[in-house]
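A, B, C and D label the chains in the order they appear, each numbered from 1.
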Amino acid sequence: MYFASDNSGPVLPEVMAALTRANEGYAMPYGADADMEEVRTRLREVFEAPEAAVYLVATGTAANALALATLAQPYQTVFCSAVAHIHEDECNAPEFYTGGAKLTLVPTDNKMTPEALAASIAGEGTRGVHGPKRGPVSITNVTERGGVYSAAEIAALCAVAQQHDLPVHLDGARFANALASTNATPAQMTWQAGVDVLSFGGTKNGCMGVEAVILFDPARAEEFEFRRKRGGHLFSKHRYLSAQMAAYLREDLWLQAARKANDAAADLAHGLRDAGAGFLHDPDANMLFPTFSRAAHQRLHEAGAKYYLWEGDLDGADPDEHLSARLVCDWSATDDNINRFLAHLAGAQS
Amino acid sequence: MYFASDNSGPVLPEVMAALTRANEGYAMPYGADADMEEVRTRLREVFEAPEAAVYLVATGTAANALALATLAQPYQTVFCSAVAHIHEDECNAPEFYTGGAKLTLVPTDNKMTPEALAASIAGEGTRGVHGPKRGPVSITNVTERGGVYSAAEIAALCAVAQQHDLPVHLDGARFANALASTNATPAQMTWQAGVDVLSFGGTKNGCMGVEAVILFDPARAEEFEFRRKRGGHLFSKHRYLSAQMAAYLREDLWLQAARKANDAAADLAHGLRDAGAGFLHDPDANMLFPTFSRAAHQRLHEAGAKYYLWEGDLDGADPDEHLSARLVCDWSATDDNINRFLAHLAGAQS
Amino acid sequence: MYFASDNSGPVLPEVMAALTRANEGYAMPYGADADMEEVRTRLREVFEAPEAAVYLVATGTAANALALATLAQPYQTVFCSAVAHIHEDECNAPEFYTGGAKLTLVPTDNKMTPEALAASIAGEGTRGVHGPKRGPVSITNVTERGGVYSAAEIAALCAVAQQHDLPVHLDGARFANALASTNATPAQMTWQAGVDVLSFGGTKNGCMGVEAVILFDPARAEEFEFRRKRGGHLFSKHRYLSAQMAAYLREDLWLQAARKANDAAADLAHGLRDAGAGFLHDPDANMLFPTFSRAAHQRLHEAGAKYYLWEGDLDGADPDEHLSARLVCDWSATDDNINRFLAHLAGAQS
Amino acid sequence: MYFASDNSGPVLPEVMAALTRANEGYAMPYGADADMEEVRTRLREVFEAPEAAVYLVATGTAANALALATLAQPYQTVFCSAVAHIHEDECNAPEFYTGGAKLTLVPTDNKMTPEALAASIAGEGTRGVHGPKRGPVSITNVTERGGVYSAAEIAALCAVAQQHDLPVHLDGARFANALASTNATPAQMTWQAGVDVLSFGGTKNGCMGVEAVILFDPARAEEFEFRRKRGGHLFSKHRYLSAQMAAYLREDLWLQAARKANDAAADLAHGLRDAGAGFLHDPDANMLFPTFSRAAHQRLHEAGAKYYLWEGDLDGADPDEHLSARLVCDWSATDDNINRFLAHLAGAQS
């Protein structure tokens, strides 16, 4: 009953097998390996973007911070959601990699609205050189609260950015889950909507540690390469990044894995609703924020369920008080675990 | 006949097996996995340093830059060899991670002497706030030219640093090869000699991509952790870094692998000498800088040998002109490859 | 009728005279001039802080950013008001000088409350290394909205910081106005309340361009000196900074100038109230945020009054709609100008 | 007998008078003052560059570091002389402002040769992303050793830069002295030779503290403005910078002051030669590096002469040993002081 995070499950067997296969003989270092050729070709096909520049790094924070550094000047501000990973969970990496740019937080507890983004942009850039210059917009899909933007919603946010001539970054640590949730094509969700640079996640969806950064306009590709090396994110034994990503892309493994995660979360959400749980945020993909009684939480805790309590104190007095939790499913979630979780929950609720 | 770099060979089978074993079930992310406990314990034993703080990252540049950022202030200068990896091969990563510290290059084409280091230190720090403040000394062992410092030589350099109250970083991307070459103990080569922080390499010696940073004084451990995260170098699926390093440390695999590499290089050097080759630098470990005739280079090139020409032009006119090369052996070098290489060389020389 | 800013009036005659006097013969550069000795001694007396380290720079942004860089690590966050100058008016200078620290904005439109500060601090620092580490608290007195903290209010904020072991910076660009408004002693308003570093403003209160940075604990003085030089803020002809500050401190000129500014603003506020104006923020010192009718604004505008319209559009349709303005008085404000302003206002209101 | 530096003499009377005149009534802040209009117009005329962007800062380090930050990316290296002010005397300010770029030191003890510059550029940029990308070339005229490049020599260096498509910065802290020494026009010495950005010094040549940065191509002017503000180098009471520079430019005061300094230095050099002194570097402008006996140094020291001993120890044993000194003249040097200096020198030599 492990629902703590999609970064804690095992690696997809196809990815492990690819790593083992890659471990033969000698390979050119630093991205000149053969698998990287396949990755580049395949991602350009998947995104219908034959000119796109494609690079691999090993962590989502590296992907995001390097992407933003390529788009932002140090005297600018980046517009992002108040709950964005780049603000809340990267320990100032965007500030570090951009050389000191600011983040302007668009008010929201899940998905940004175009109106809120427009208001934030309007609020900056009115003080001449006294405030920062307006810089890129960064959108997260799936959001950190489990919300999924449709391609049309992404396009609406990009349209606001374009009115001010601002580039757009999409943090797609869970991009596959967003696609699986909406049935948009990769192109519709990104460059056709107006996205300039994508962090295309692999790690949370069954890889060992690999993310692609896709620059749909290759003009700043060389800059990205220097910045990646300067950040210590260019792998000498790059073939082991390439092998993961190549396997992940073959036969739509990436989408299948995301669908399994989303389906598991949907089953879990269904059971939670049946058991009377509420939700802080509507569940759109593989992350749930249910609220249910402290007694149920205590029961699950004792049964060994692993997840983060989101708000509230497990040791409080009132057994009927509702506390919220974060539950995340990855590709490896099983019916058995879900059913056991729901059984403990129900027992507690009864 | 692949002698281009020790970053291009396959991963040790024990390390691959450990990765496969690690891929079972769920594991706590971000370094809270069980293998990391073993790594920490084992490295403290190996280094006879029960208080040392131990962290893992995936690249040597990350290890070095983070180590230096923890030791240096942005208004300081770092003293290092003119041929140091941190100066020549990290694309300003030390400058980036330290927030703009300078590197002062101690003149040498291989190993620094204490006298040269002392002169460089004396040359800085005499201009009050107009020049940078003196900061850490960074030493590389094995050097980028294949030289190995003995533990006594490391101690002599550290003594110079200590006279000025400067901390010492050791870039040990090839630390195992240095130990295998000298038979010093890990403790003798590091903290007993005066080293404060060590980059302990795994990647070049048979791992997939893992380096340990060992802070012998744990006072700045928390700072290191924040800096690692801020640099995007904290892995969510950290267990796959831990598994590599744990396997690498078990039963002295790390030293065995280095000995294999050093022994292969010694065999190759012996054959080169027999064939009349000279050496730009005395070969101490697993890197050779031989000089031999253009004709021999051409013969090897045609036979498919892979290595970097160090100085000179393969296509020049005079077949007897001597050109230098860099040849590197890793754990996977075979007698067969060495003998074939020497045969082609000899054929050409005859 | 110039009420646009206290950075637009002339320099105090005593300060100009001191500059002329300083311009004789040779003087040691970089702060080794004789006037700097006087400045250091006098500020230590004024603040009853015989150990304090004292430095001069020429702009308020430099003073604040250098002070924060000395107190904050790049992986930390600085707590400040949502309307702080360091956030709104310094174009990312704090982010730049700290090497990429974040600013956490304590919600307020004028003065922070201890409760709001405590809540902001509690909200950070709960995510381990994923969020920034908690860093210094920065308070502005007089605030950018004209509010003045009493010494007791400063102490209450510092007490919150001390609970978390966080250092405190006070942005005193208008420190003299705050003192003149409260009759606290300099010591009561700063180190006795718990302030660690003060930006002591001169420029807005009649100097040409000089601010002192006072580190009540001199432990980080050397670091400040290196950072000042590295930022290009160490003046070679430092005597002209010293001369300004020395004159400013003699015979309490600094307090007299601030009292004149505050008194002028009080007179103006009195007249505004009499004319029926409201205030966005209670006027405490030399800045007013009155609201009155568009017609009155138009009348003043035509008469040549200079000030910033704060909210609203001068060219809107409804003459009775109330628009807010920012009016600032400095030492050079005259009764005549105030009376003329009020006469135009009254004419319009009638 | 003050020859320690051209940053230690008094401000030109015309500049002081202009400051007093500027101190009347109100003036728009941040560079919107009327004198700045005159400065901009006049510098464009002087440099025959009607499109040039012109900005003022208060220190030479700020001018240089901001200029370089506008020209260089953080993953690049700046080519400069091994004795450049930006390397030796700015405490890592270029590294700070560029966000961590490296400085590659072109070997020389005075003026760079085109050959040496070309060799340094050839030596970088051959390691792909492993070394820094080649960035701007920075030239200093007058050099820190008193050498003056002719316009033709500047052009020859710029030609090397242009072969690699690298922009050129000219550190002209003593630009007026260089012009006075060569009789080149400002345009010939800068953009006609290939210079992109000039630090145009005022402080060392009789101003209180003002330097102009001239971007001959205004394309990056907006970036410069944001970077200036972000560095804390935008003055609110900017009129006092403008007034200095306006006075400095009127009726060629700047050139007259430089001629006085150069002439004084020539007189001093003549006398030194007559007294048998040698020179470490040929004196071209207002800085001299003579070598003469310890006894003479001691005599001068006792007589109160102020200057820096360059190499050697005043308290050594041998009175006949020659020690070198640095002597600098500014506009305020007097015949009387020079004659007294020479008299003490001669007395000692006799």
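Things worth noting here:
One rule holds for everything that comes next: a contact is a pair of C-beta atoms (placed from the backbone, for glycine too) under 8 Å apart; a residue touches a chain by one contact, two chains touch by 3 or more.
All of these numbers come straight from a predicted model, not from anything done at the bench.
Common neighbours of chain A and chain B (chains touching each): C, D. More C-beta pairs in contact connect the chains of A-C than those of the other pair, out of A-C and B-C. Centroids built from CA atoms put chain D at 34 Å from chain C. In terms of their C-alpha centroids, the spacing between chain B and chain C amounts to 51 Å. Chain A and chain C have Cα centroids lying 42 Å from one another. Within chain A, contacts with two or more other chains are made by residues 74-75, 90-92, 96, 99-100, 129-130, 132, 226, 229-230, 234.
Arrangement of the chains shown, judged by which pairs touch: all-to-all, with no pair of chains left without contact.
Against chain B, the residues of chain D that register as touching in their complex are 74-77, 88-92, 95-96, 98-103, 127, 129-132.
The part of chain A that touches chain D in the complex is made up of residues 30, 73-75, 99-100, 128-130, 132-133, 223, 225-230, 234. The part of chain C that touches chain D in the complex is made up of residues 2, 4-5, 7-11, 16, 19-20, 23-29, 57-63, 65-66, 90-93, 96-97, 203-204, 208-209, 226, 229-237, 240, 306.
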